[in-house]
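Per-chain numbering from 1; labels A, B, C and D assigned in written order.
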Amino acid sequence: MLPFEKITLNDIVSEVHDGTLLGIPADYSGVPMTFTKELIKKKVKNLKLYCLPLTTIQGDMLIGSGCVTEIEAAAVSLGEFGQASRFQDAVINQRIKVKDSTCPALHAQLQATEKSVPFMPLRGIIGSDLLEYRDDWKVIKNPMECSGKEGEEIILLPAVQLDVLVFHATKSDMNGNIQIGRRRELATLAHASKKVFVTVEEIVDEDFYENEVNAAATLPALYIDGIAVSKNGAWPCGLTGKYNPDLEELKNYSLAAKNQNTFDSYMRVFLNSDNLKAAQ
Amino acid sequence: MLPFEKITLNDIVSEVHDGTLLGIPADYSGVPMTFTKELIKKKVKNLKLYCLPLTTIQGDMLIGSGCVTEIEAAAVSLGEFGQASRFQDAVINQRIKVKDSTCPALHAQLQATEKSVPFMPLRGIIGSDLLEYRDDWKVIKNPMECSGKEGEEIILLPAVQLDVLVFHATKSDMNGNIQIGRRRELATLAHASKKVFVTVEEIVDEDFYENEVNAAATLPALYIDGIAVSKNGAWPCGLTGKYNPDLEELKNYSLAAKNQNTFDSYMRVFLNSDNLKAAQ
Amino acid sequence: MNKLDLKFEELLISILCDLLSNDNHVAVGAASPIPGAAALLAKEEQKIKGKKLRVTILHSLRFNNFTDGARELFDCAAQGRIDTFFLGGVQIDEQANINLVGTGDYPNLNKRFSGSFGSALMYYVVPKVILFREEHSKRTLVKKVDFISAPGVSDKNLYRPGGPKFLLTNKALFSFNKRKKVFCLEKTAPGINQNDIEKITGFKYDLNNEIKNFTYPSRERLDILRKVIAPMVSEFYPNFAKRIWFR
Amino acid sequence: MNKLDLKFEELLISILCDLLSNDNHVAVGAASPIPGAAALLAKEEQKIKGKKLRVTILHSLRFNNFTDGARELFDCAAQGRIDTFFLGGVQIDEQANINLVGTGDYPNLNKRFSGSFGSALMYYVVPKVILFREEHSKRTLVKKVDFISAPGVSDKNLYRPGGPKFLLTNKALFSFNKRKKVFCLEKTAPGINQNDIEKITGFKYDLNNEIKNFTYPSRERLDILRKVIAPMVSEFYPNFAKRIWFR
């Protein structure tokens, strides 16, 4: 008996349903692209994406494939390859609802769930138009006498709990603990999700808790509902310390995504590509 | 030119003044005992201790030496050696004010400062007598419509910023970064302190950021105002991964501390003991 | 104690172990060798049955997998990821209020104890809190505690999924009825009867229809405890392990 | 461009570098090669003078020492530990409001851009925010932005230690007067005069008594930039470094 749930990509995909609120890691946190591929193949609909705090190709592909009806994010772009065209197109044509946010608010809403409190306060935001369109954010006057500025207005952000989080990581140990290094936003995401699945490059025959330094870089198995091995699972995105982004492929995508027809052609090839080969 | 401030124990002690709000790490987070010794020698008065979330011999010694007028903590004890007698004595004879708290509240108050918000909400506490004696805590009805329980009462805790934090760690790198391993409460403490000083067993000729796993175990130099080398600096407390607590010495202390006379005798020897020899 | 040469601590470990059989995650706080041993024993027995019980022992490096610092225990519990936790009490009262702070008229106490630790959150959020206090006397089990570190029950307008389920002393095991806000005597220690308990308890409680004696551990359980668990306990409670098993 | 064969990007880097000379900690967000290079250049020049400037470049592994995850930038800034940060804007208006979301009548936009990133906190808490937007036109510098991602100024009842101090485009450098809520033209690019700026700017601004031209970098600064900084920039903006320095 393995001490954790070793599963397949398809097992993970089967946990995502129409309407699922799905956690989306930033491009630096381990983008689960092989999972995304399978998710698109399943033709799941009405996903709500919660980005911490932004998404690049993963979000744009899901949107272009018609899987998404709502997205909460501080930014959607293709980074140095410019704007995320499928996202832009869906917004302009009102096919998706955008809950426009700002990075620290997206972090704080998950921290509220992490601590199991109904809300988190945050400074800033007031006076921006973001607030005008967020019924779920609330402005109060600071009720404290001994801390903060007297009478200052402050925003309360709701606790948000994700239905499912999927991210890609370098490795898990034999007990199902995940090495996340400095990407501690993945811990916050995991703490705030009902279910957490991870794709990894490999499962190694080690115990990350055997020394304190390794332990410090670890997300405990306690929060993980299943792990699937997926070699080059972030491709064409990069994976810190393992491989760089495939700049050529990302550029190709950015060009193809400019209109729906060329996007569709690109996706037909992409969805049927062999990931192992694709990543060289 | 060293890229960080290498200083002496006395330099650190000179940053602590009458009335300073001093951060006190728990017995598992690296207790700066050589610093504490020098602080007591300086005969500093009216210290306010903020324990995250508890203190053992460090707090008891400072209290027994008459350095403390106020302590905020979830617990003061000598762990498996029983009650902290100098603390008990000072409380019963009303020589110190205790702001009785609970562990998660002590964490949350620092997290408020970490995020620069005036308060943090927390569940629990309501219905306990802790609340009756805390004018700085505030109960509100949950104002959110979409998160939490409708109409639930919830506590707001004030942001607390420490004047000075001192802790002991295994090592710093050549750039003044500190290895803290899994003791991430030290990061929260540092983020919430105006000044942070660290005593270390050694400064090593490495760069902790050279690999992601080491980096993950690091508190960045950015938060540190000075580092002093102090061999066996936690003795007689332990230091994770380096040395265990000196159980015999801790037992001796617990017995001596039972009354002020035997405490005073103990301290005369302790304050003049050579730390290097003592820890062998 | 009996022909197995059972130590009384081993009996208490066994009683606690029985309370953990349906859990997924048991956490054990500081200075709790008997609950710690009970949790590890339950984990080992579940493993033999092919089931999994996660045990987090704060005082241990090996059995504490948290990596988010000292606050993770509380966050994790508040998230509902811990089924069972143990709390003590200088005083415990009729309504399961616990006092870890001191006796007398706070803040003018006669006797000061350590403090409330994490009880003022853990007692609210962990579904099954087991109160464990070895001393069973009118001094420890009182009508009303002098200071409430954490209350046994809360008003409806609070978020409170957690609370007391059991109270174990060296003389008796009580369950707690949250609706009626009252303890119920379930089991007594060997040689102790219902009347004895009444004489040494400072509060009123209900009686189970069928009050049993503490169940002795099976030979098999005792073997696991002594051969497998005792060496583990040595890692984080060396003094306790030495006193019970290794002297 | 001149006899040093100066690239225009190098000139912008040099102008930004001059704005950083009294800082202790400069942070640079995503997709900002010119600010990133300017910060590293300032750090190097301070080092030569025996002074220390800390530079955090988010997009880099080597120049990003944060270990508390992606939120640490925002926490660190809110704690007051970052002196200078750079922000851009699809539109920037007269009161230094910035728009990173899109043009048109939100949410019915004509054109959608990435989103507000961290601006709705960073703009409030970092004392010296430098707005950097290369394109200088009536399209980018407008009377009133279509959507406020973050406002240039705030009411007194808000906590707002931070805000805009400068705006640099490929044609001009403005300072921002927080009290008067107005930009002030300080410098213009080579070959551009005050009238040219007026024609291409969509908002009103004050004029400095003595409007200067962009100062060219010294030979020494340019040497440092090309020999020391350019290879560093290659690590985190390879395409930019290649285009400017290595082709």
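We take it that contacts are C-beta pairs under 8 Å (C-beta built on N, C-alpha and C of every residue); 3 or more make two chains touch, one makes a residue touch a chain.
This structure is a prediction, so every number in the text was calculated from the model and none was measured.
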Remotest chain, chain D as reference, centres from CA atoms: C
Whole-Å gap separating chain A and chain C, where each centre is the average of the chain's CA atoms: 40
Separation of mean Cα positions, chain D and chain C [Å, integer]: 59
Whole-Å separation of chain centres (CA-atom averages), chain A against chain D: 28
Overlap residues in chain B, where contacts from two or more other chains coincide: 104, 115-117, 122-123, 148-149, 152, 154, 182, 184, 187, 215-216, 240
Where chain C touches two or more other chains, by residue: 61, 66-68, 75, 78, 125, 159
Touching pairs among all chains present in the structure: A-B, A-C, A-D, B-C, B-D
Touching residues (chain side chain D, partner chain A) in the complex: 30-31, 61, 66-71, 73-75, 78, 100-102, 106-125, 147-151, 154-155, 157-159, 237, 239
Chain B-touching residues of chain A, taken from the complex the two chains share: 108, 112, 115-123, 136, 138, 140, 142-149, 152, 154, 156, 158-160, 179-182, 184, 211-217, 240-241
Residues of chain D touching chain B in the complex: 25, 50, 52, 54, 56, 62, 65-68, 75-76, 78-81, 125, 159
Sites on chain B touched by chain D in the complex: 1, 3, 113-117, 177, 184, 187, 191, 209, 215-216, 218-223
Of chain B, residues touching chain C in the complex: 26, 28-29, 52-54, 73-77, 79-80, 83-84, 87-88, 91-92, 94, 98, 100-105, 107, 111, 122-130, 133, 148-149, 151-154, 182-188, 240, 247
